[in-house]
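Each of the next two complexes has subunit A plus one other chain: subunit B in the first, subunit C in the second.
Let's look at the complex of A and B:
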């Protein structure tokens, strides 16, 4: 197991470097001026050049990349052009907010999606299956930002039950886990959970249906196992694949959603990325993408390890 | 005389205590005024804010003052400049490049330190003296472009300074309205770090900043000691919330999360009014226009085509499309402006006349005029560019003009504007759709100066007209208000007569607020005064 872990960690290094290079090139290839947010439209060329030099954009691209990677290795992701704040601090704060949102969305989406999938798979081709599958298809198909707006219209504008935007009465800096704050989290988390709910439900349904059609299930029943006992075996067999799907979904959720976080003005990583894109804030964009990509790589690594622990055949493969 | 009992002393003390606490209690119970900005972040509060004019509106004039300020007290007249931290000013009779400012006495920064000539020079050094410790290049970017005329400055005495311009410039006074003054003492307290200063800023403005949560909110408190007693805020606490998404802003207002929102989307206006919200509009110095490429080879090099395009636009339909939140343009400024003048070319909807001009220019049903215009998908002052440009496309088809669009984001269009239309990657573009601010005589007016093409300026279309250049020189040599207005009117007349741009509408800048907000006056300005607003 230890050797496997080391091997997977070594694999992660070229992936990290590749991700760094790709995200650096992508933000530099995109058109637009990175100084657009700190210079008025009619700024003179002299002033533009002065600032370009101050931010290091006058250096050749390979040099800029190497400097950026070198600093990033030391934990310094530079400073946001638009706000002047350290990128690492900005990303960390936003990541904390997205983490809360993602975990709540994951809890809801995975539990409900898992139940829907299991029920649909166990009673496949019945009306229960059709209802559960229909709901999960709706979850995957409905544009989540649209659903967010509908939720806002119903629960904020019409019923006035939940706040429409923001991260607490005093902002996310004063966050505490009480109703006054948690109510800000409900609608964005619900909206965010819809896609993973649908995906998990469909995956679990297919898995359960497939496992139930295998001969070993007949053998279990022939041995006189109760339905509950058979279910336990089905769950155990479905768990590694379901876990992989959930791990990927959790990774997507932790990446934040530009659309949902913009609709709800939730100050997470998606919101941060959206701002960075519109302001051409290259250091912030690079830093955020890098941190999220690294997190995704780490999460995949973790899922692989847990999967191997659950099903040692994976390691042998 | 009755003996004073211990009970009476205690009762008296309690009453005294209660009365002294009363204003505090009142202030604490008074609900705050919560304003949703259309920005995606709280503007940097370092006396040189970013985020364009909206950033200056909230991050500038609320916490800081400039030498001159905008009079935003009336909604029915164009707002002009009034004394700010400069009580008065005059041009040196011996040298018309030297402006002498008498500074206001007794003004204190929010931190209690004094505003004086030393503080003023310290602030100027922070922008122009590159080796000064308070010089910080990222901060200077947004400020120095607005102070292009300053060549040097000096302290004369504790309450007088002089600023020398690089050439005689009667309109220099407008530049001083962009020079926000920060407290040197607070900057030193912040360890000489402007970033830290912005987290706990100190100016002399009507509001003091008490808390900033990046990207989420800024909390301001009325500066009860503000030097202009008429502008001490009526609301004790004001909260600024950045909500970039227009639908989210509307939802926040309708659900009672905020009390006032900026930049209301036109299609939300009827529903907001139906929900009992007030939607206020007013004209302000803005024109939504196409800047035209007038180089040889472009159809807009021909005056007749420029005039025809201006006559082919059905502006009433455009206003209807915008839910009444715009005013049909007859030039760069509204006719009630003292700068409008008396142009001989009347901008109106006259397709017959437009077709006649196009025919004279050699176009017709069998020889159509193909044009390609760069437009942005959104951005500050751009209103709703996609449907607006679709309407223009339909209108211009009537005069045999086929318009195709290159849609880019706002950041890209700004970069393209700086590059100029001669840039190789902009070959074949005949116009660029960027809203033009006309608030003062430089911003939005010098874009037609033939000398200010890339890299010296942002004359994107290489506009080159001796009459315009002469009129521009005229505004620089006008030193009193009457002469300035006359010079500006002359410039405006020339620009309209030459159909220098495709003038479409003036935004009326709709703001919506709950019925609990009272006393707010929407001035004819990019900037606004929220000090008169109070919560019911």
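Let's look at the complex of A and C:
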């Protein structure tokens, strides 16, 4: 186990380096001058050169990359071109908001999706299966940004129960766990939970159906085990794979929150990414993508390790 | 007397009937799946409507009028109402299928070709080539797909071409992975050795034996990606990173109608319903195809 852990950690290093290289290059293939968003059109050449030097854009690309990675390792992601504030602080604050949303959505999606999938797989080819599978297909097929809009139409426009956008009354930035704030969280979290709900339900259904068709289940029944006892074995066998699916889904939610955050004006990383793109704020864009991608890489690593710990057979593969 | 020539004919054309037999079986199983047929019919209808849009659409998709902005569903002459610039919604939804289907399906086709090529080469050649290709793909796999699509689109700037590029990049890694794993399995089967022993070159083996066995599963897998691709492509337009106004496209229409959710909520929600319909039909049809072809990926 320890050897595997070391091997897996070492393998993650080139991936992490590759990911940061892609983040870096992605922003540098962008057409146009990176300083165009701050410089007035009639800026003197002197001023242009001065700013270029201040942001390090005058150095050759490989040098810029190494410098960027070196600073990023120390937690310094440079300064936003549009606001002049440190990127790391901006990303960190937004990440907290997105994390809260994603974890809540994931918990709801995993629990409901897990139950749906389990019920569907356990009573396969019955009406329960059809209903649960149908709902999970809807979950994976619905454009979630549209579902967010529909929720707003129903609960904000028609019923006037919940606020349509924002993350707190009066546009306040500080989060408090009271009903006034939670009201803002319900619809975005519900919208976000639809994606993992569908995928988790589908995976769990296939898993449970597969496990139930294996011979050891017949053996357990033949031994006289009750239904509840068999159920426990099924859960135990399905857990490692189900956990892996869920871990990846949490990562996808964190990285893919931009559409939902745009619909609900939720001040998270997706919102930040949108701003960075439309203001052509390259350091902010680079930093946000890097943090989200690195979080995803670490989450993958964690999922792999937990999965191997739960089910040592995987290690051999 | 009558049986003998028939049997003779059958043995002569044995390879052809064998392959037709498989596809006939797949077709029969698909046709028997009523849900899949309903989905296929809806998809065909939407595609045909998009192709023949100029002949069936009641109005001009670009011409609006300020005096008939945001009419509700059921207005005389405008059965699905009008949008924020007074353009007929039905017309724009019909025309919208053209761009929406195009930017949703083309990335998957591109990724299918490029990803299969990369995966087959990696799987067949193995060794260092496999290492190089698959580790590079691992790096792209290490990004959440929505983030990668938006990051590339955001860096390249808005536009149909850029949005197709970014989604192609997103879908190459998963397709290449599937192609690589199937190729590795096929490569080690006896009939590949037999072909090599009988003097077939690598190119022939790849073309006849490997591709013949790899294309099926990879194609089924690719069809399951179309629904995600449709949602993401429309999502990029929704964010302002894809199709530019005034082109009719469902994602973009959803975005521009967002301001109208207080005055005409049902009209504003219509373009999303189209994306949903296409996406769910593709998903259900892909599921049916998978079980009809008995593919496990």
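Remarks
Here, the second predicted complex is superposed on the first by the 292 of 317 C-alpha atoms of A that agree within 3 Å, B and C clash if a C-alpha of one lies under 4 Å from a C-alpha of the other, contacts with A are read in each partner's own complex, and residues count from 1 in each chain.
As a convention for this text, a residue touches a chain if its C-beta (ideal position, glycine included) is under 8 Å from a C-beta of that chain, and two chains touch if they have at least 3 such contacts.
On a predicted model such as this, the values are computed, not experimentally measured, just so you know.
Looking at the shared chain after the overlay, A:262 reaches both subunit B and subunit C.
Once chain A of one complex is fitted onto chain A of the other, the partner contacts of A:240 are absent, as it touches neither subunit B nor subunit C. Within the superposed three-chain model, A:114 lies out of touch with both subunit B and subunit C [touch as defined at top].
Applying the stated contact rule after C-alpha superposition, one finds that A:287 touches neither subunit B nor subunit C. By the document's definition of touching, of the two partners only subunit B reaches A:271; subunit C does not.
In the superposition on chain A, A:188 makes contact with neither subunit B nor subunit C. Of the two partner chains placed by the overlay, only subunit C lies in contact with A:150; subunit B stays clear of it. In the superposition on chain A, A:196 makes contact with neither subunit B nor subunit C. Under the contact criterion defined above, the residues of subunit A that touch both subunit B in one complex and subunit C in the other are 31, 149, 152-153, 157, 262-263, 274, 278.
Interface residues of subunit B facing subunit A in the complex, by the touch rule stated above, are 40-41, 44, 50-52, 137-138, 140-142, 144-146, 148, 194-195, 198, 213-217, 241-245, 247-248, 251-252, 254-257, 408-412, 414-415, 417-418, 434, 443, 446-447, 454-458. In the complex of the two chains, the subunit A residues touching subunit B come out as 31-33, 35-45, 47-48, 50-51, 54-55, 81-85, 90, 93-94, 149, 152-153, 156-157, 160, 163-167, 170-173, 262-265, 267, 271-272, 274-275, 278-280. Across the complex, subunit C meets subunit A through its residues 135-136, 138-140, 142-147, 150-152, 154-157, 227, 231, 234-235, 238-241, 254, 258, 261-262, 265, 268-269, 271-273, 275-276, 279-280, 282-284, 287.
Contacts from subunit A toward subunit C in the complex involve residues 14-15, 18-19, 21-23, 26-27, 29-31, 137-138, 140-147, 149-150, 152-153, 157-158, 251-252, 254-256, 258-259, 262-263, 273-274, 276-278, 285, 289, 292-293, 296-297, 300.
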